[in-house]
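Order of writing sets the labels: A, B, C and D. Residues in every chain begin at 1.
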Amino acid sequence: MVIVLKDSANKKQIEELMEWLTRFDVKSNLVEGVHSKIIGLIGDTTAVDIESVQAKEIVDTVKRVQEPYKNANRRFHPLDTVIDVRGRKLGGDRLQVIAGPCSVETEEQTIKTAIAVKEAGATMLRGGAFKPRTSPYAFQGLGKEGIDILKKARSETGLPIVTEIMDVSDIDLFDDVDIIQVGARNSQNFTLLKALGRLNKPILLKRGLSGTLQELLMSAEYIMSEGNSQVILCERGIRTYETATRNTLDLASVPLLKQKTHLPVTVDPSHATGIASLVEPCSLGAVAMGCHALEIEVHIDPEHAWSDGAQSLTPEKFKAVMNKIRAMAEFCGRPVDAD
Amino acid sequence: MVIVLKDSANKKQIEELMEWLTRFDVKSNLVEGVHSKIIGLIGDTTAVDIESVQAKEIVDTVKRVQEPYKNANRRFHPLDTVIDVRGRKLGGDRLQVIAGPCSVETEEQTIKTAIAVKEAGATMLRGGAFKPRTSPYAFQGLGKEGIDILKKARSETGLPIVTEIMDVSDIDLFDDVDIIQVGARNSQNFTLLKALGRLNKPILLKRGLSGTLQELLMSAEYIMSEGNSQVILCERGIRTYETATRNTLDLASVPLLKQKTHLPVTVDPSHATGIASLVEPCSLGAVAMGCHALEIEVHIDPEHAWSDGAQSLTPEKFKAVMNKIRAMAEFCGRPVDAD
Amino acid sequence: MVIVLKDSANKKQIEELMEWLTRFDVKSNLVEGVHSKIIGLIGDTTAVDIESVQAKEIVDTVKRVQEPYKNANRRFHPLDTVIDVRGRKLGGDRLQVIAGPCSVETEEQTIKTAIAVKEAGATMLRGGAFKPRTSPYAFQGLGKEGIDILKKARSETGLPIVTEIMDVSDIDLFDDVDIIQVGARNSQNFTLLKALGRLNKPILLKRGLSGTLQELLMSAEYIMSEGNSQVILCERGIRTYETATRNTLDLASVPLLKQKTHLPVTVDPSHATGIASLVEPCSLGAVAMGCHALEIEVHIDPEHAWSDGAQSLTPEKFKAVMNKIRAMAEFCGRPVDAD
Amino acid sequence: MVIVLKDSANKKQIEELMEWLTRFDVKSNLVEGVHSKIIGLIGDTTAVDIESVQAKEIVDTVKRVQEPYKNANRRFHPLDTVIDVRGRKLGGDRLQVIAGPCSVETEEQTIKTAIAVKEAGATMLRGGAFKPRTSPYAFQGLGKEGIDILKKARSETGLPIVTEIMDVSDIDLFDDVDIIQVGARNSQNFTLLKALGRLNKPILLKRGLSGTLQELLMSAEYIMSEGNSQVILCERGIRTYETATRNTLDLASVPLLKQKTHLPVTVDPSHATGIASLVEPCSLGAVAMGCHALEIEVHIDPEHAWSDGAQSLTPEKFKAVMNKIRAMAEFCGRPVDAD
């Protein structure tokens, strides 16, 4: 951590500040020049509260040098984390493809879709039971009933199920879910993250609507600091000024996250772009850039989907996309997982 | 709502779509030309799910004409909502100034600050008991103890108290709080919003980190659609590419929100800018632009604040700022509230 | 400037780097710790090329401590720059109001508007002769003829004229213009900025569509480094994800720029919001926050304006807005300039 | 184009508006309902000035349905444009790799780099002679001398040369350049675009710092509307709130642009990310997503580069990256061009 002092800082003030800094168990070094004075903090600065330093009268700016996350940091955990999901490995040398409807609408729709995506080669089933919707007047999901339907679909197909939690109070309903998803709007719901950190279950954590990569890693750190290290990161597009796509898919985040952390990285091209015809190219790009999993929306009848139909693939289109993904994944050395 | 059809749409498909649209109890009008075909939907389109329309094969784009919110819409509620907070009116012809520390740290700190801001002319007390912090290693707030301290400060000063809720499960702790604040990171925590909608208590709703004004109004609609119409909107800066200030304070949102909604609008210049020296000019600007309230961070000892010290004013500085605010508010015809 | 070294940096490499740094005539100080090594550069680092430092193998990150601008820097020029424009002072204790049409369309329209804004109290006349338009099929301005019309309007009213240059090759046409405006899209047209820097004439420099404040100051530095110190900065809204207004007006930039630079700061609420009804509140806010000038679009017949009609005020509305601006400016201690 | 009228619009006003609209040679259809009235414009609306419509008193909002570009529109030109550059085809079934230094610094550096990138498999040479730099104190490029050096490098290697123009006044210096590049900061320098439109030479047009895809296509339209249809689009990252990479590479723009236009699409991963280690994965992703060309920075000695060293590859690294690109391009069915 580097602390730049104001020109006006006098010797006594600087000594007081350096004395105060000793509480954080770090070593301070003063660099003095004609026009500026800098203190370099050396040691583990994770616990140094940057804001309380910034608030000091004589401090001009404070800049963090080390990353403020530990458990999620590749520097301290060089080996990739591989998460076991009912025998399937996420984070290792196989690509997982998580497919299914945006919302669980009916048992028939969900099971038909599950069978179709399985046949096409998907390795996990996604589906929303609790749906965060901008409007209170839009369909909010089937809730518990939706989770029960997903379990039936799992029985039918053997596909592990991934579904989103919206509130801590629902946590018991997710006991038998294979991966609990945290949506973009809850990416900094710290109460929820801490509660999930006390489970022994994989958590798929989506990047916030306008979350930085560091914030995403700090949210992972919230879960991990409570004891649960099974965190899967998900790039799902960020909010920018561009309106041609729903969000801007930040694919460079895939290799960058893989440099910074040992956690698996997945990509959701459906939500990122909001346009069905872009799912194929974005999936291929994500695989080429090294992602460990893809999350793709498929609906047996997108025209009658209760949410997000415009970005959903039909089973037929998904099959065609899967064929391309399979070839690309094979080419890239991380083939799609198979039974 | 305007539905632009693809060039390829044939007569039969268009008829089917128009038949399907009848379910929403709206009237469809087809406009046909050589190169494009448009359907205009007339009537109350609030309940029309734009995404399910977008998903139709023959639909190119869908554009909403009417606002998708009703309870929060000035069109249907032309008169300003005035919210009574222990006798103080928020949304009317008096400016409320909500001041206090970012975090409740100790009883002494809080009560001293409360007394100081009261003396300077603040009309309500703010203070965080539950603190959303990016890092799990940072101070997370005193929780219930913090709320108890705020109540003591209220007893000492008579100032109504405003404090932030982070999770539905804590809702009972806020029974005796005067205004419950929803922070930027929870601006689209729909479970929380619905629960707050079932209370009979003012809710101060902050705009999301990258929330649009329409999303802010839809979040207000979530609360109002459950029965609680005491919603106060708060502009607190949005996330942009500019790093010179913590966020970009969108002051034009004040008059724009006042055109679109009857709800009171407040501004938080402390969080918006993150720079103490900008609190005064931004407060004056906000008042000049018509806000109903200001939320300002004050700490008896910013250098030793446990959070956000860099943007906090000392009581002395706050007093000076209040004097300017008082004059500006008087000049603008909405004087600071007084006993 | 602070240089954070990679863990892997060895003694020899560090010595080489420090030797290499001597070329910039700055002093290097090494701060060594167990986990990190930092070099602090002390002295005038304006000329140190941050990118060439960043490219060094052993360098992890480089952070600039001092601002990279000198001529525009208040630190070195504490007194406000006051620019004389035909006897009117911009940057001093009088507010200038620059009003007029977006585009010069006809002599009649321009002169009528000029007379109307003068009567309402405007102190300078704006009007576009060269118009940067997104579409090649839109009206591109009258060019030289437009400038001639503006001069006639100046003769009629005595108002100094402000008009935009789009290319270096047109520079001679602006000989007799009082203030040359550089539009947002040319904010980093460095060839143009340098050419303007060789004139002895006030330059009104608009912030880029997504320009940072530092980039704005660096663009001012381009002009000033060539010898022309008569630069006026203009906040005109930045591009963000929010679509409710055309741009997001960053009013906090006004007091922040005034801290960082001695140059006058002006605000253009018309382009910033794109909505006529927001011009009044945004103007009042800008004055309350300390701007030295306002730039407002007025058109005698906005419905038939050839560009930007939606944000233009009629002379009647402008008169009403001016009355409010006059009162606010008086109240804030920087009254509107008068003959 | 769809025009939504205000509630208050009366019959006479609507008739006047529809009469006024006839000037644009389009057909108007009125759709009337209880709560809203809409006019649909049918025909070629490219020339309808959306702003002048928006300015009408009775108009609430105007929405464009058709794209405002024609020459660049795939709808009217379904076949891919293939541009011949000294016998190499850009836009067809071969991938072009444009590599070279950010800046031309010396003859030796440039020629050595040119030979190295040629040996590694690059098909064109890039290098900056005119450099847009944020700071007036940074190296601004060698200008004419730089172009001469590039021509020598072309003689040595046979590689076509790509270099950036910054101002119309320099246009003659680019006579013998193979592709003229327009940088991000000049993406809406309309005077420059029009001048380039009068040449018979390929133009590589970069997306603006915060340019929308539609603006990029409109800038292409500026060039094309003057007669030059040899335009190559370049995605080079956009400005967002994320600071982990220099810009946010919007790779979904590649397939989206290819849907909307027939022009070739290229990607610059070096400038987009600013991080050398991300160039390889981003290049592979771009190829997998269908780009026609890549632009990559290579420097024989990045540590001593005069600009952008941090994102430049050494010839050795470039060779390794090229091997991966070659394999990926082959796999994707658009192999790297070869002699």
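Here is the rule we use: a contact is a pair of C-beta atoms (placed from the backbone, for glycine too) under 8 Å apart; a residue touches a chain by one contact, two chains touch by 3 or more.
It should be emphasised that the depicted structure is a prediction, and the values quoted were computed from it without experimental measurement.
Chemist: So, comparing C-alpha centroids, which chain is the farthest one from subunit B?
Modeler: Ranked by distance of C-alpha centres from subunit B, the top chain is D.
Chemist: Quick one: report the Å distance separating subunit C from subunit D, using the average Cα coordinate of each chain.
Modeler: Roughly 27 Å, centre to centre.
Chemist: Distance between subunit A and subunit C based on Cα centroids, please, to the nearest Å.
Modeler: Here the centre of subunit C sits 39 Å away from the centre of subunit A.
Chemist: Where the centres are mean C-alpha positions, what is the separation of subunit B from subunit C, in Å?
Modeler: Taking the mean C-alpha position of each chain, the two centres sit 31 Å apart.
Chemist: Counting only residues that touch at least 2 other chains, which ones in subunit A make the list?
Modeler: As it turns out, subunit A has residues touching two or more other chains at 210, 239-241, 243.
Chemist: By the document's touch definition, which label belongs to this structure's chain graph: line, ring, star, complete, or other?
Modeler: complete
Chemist: Quick check: in the complex, which residue numbers of subunit C touch subunit D?
Modeler: Going by the criterion above, the answer is residues 46-47, 49, 51-52, 54-57, 68-69, 132-140, 166-169, 185-186, 188-192, 194, 208-210, 215, 218, 221-222, 225-226, 239, 302-310, 312.
Chemist: Of all residues in subunit D, which touch subunit A in the complex?
Modeler: For this pair, the touching residues of subunit D are 210, 212-214, 238, 240-245, 248-256, 259, 269, 272-273, 275, 277-278, 281-282, 284-290, 328, 331.
Chemist: Where on subunit A does subunit C make contact in their complex?
Modeler: 2, 4, 27, 29, 31-36, 38, 40, 42-44, 60-61, 63, 65-66, 210, 239-241, 243
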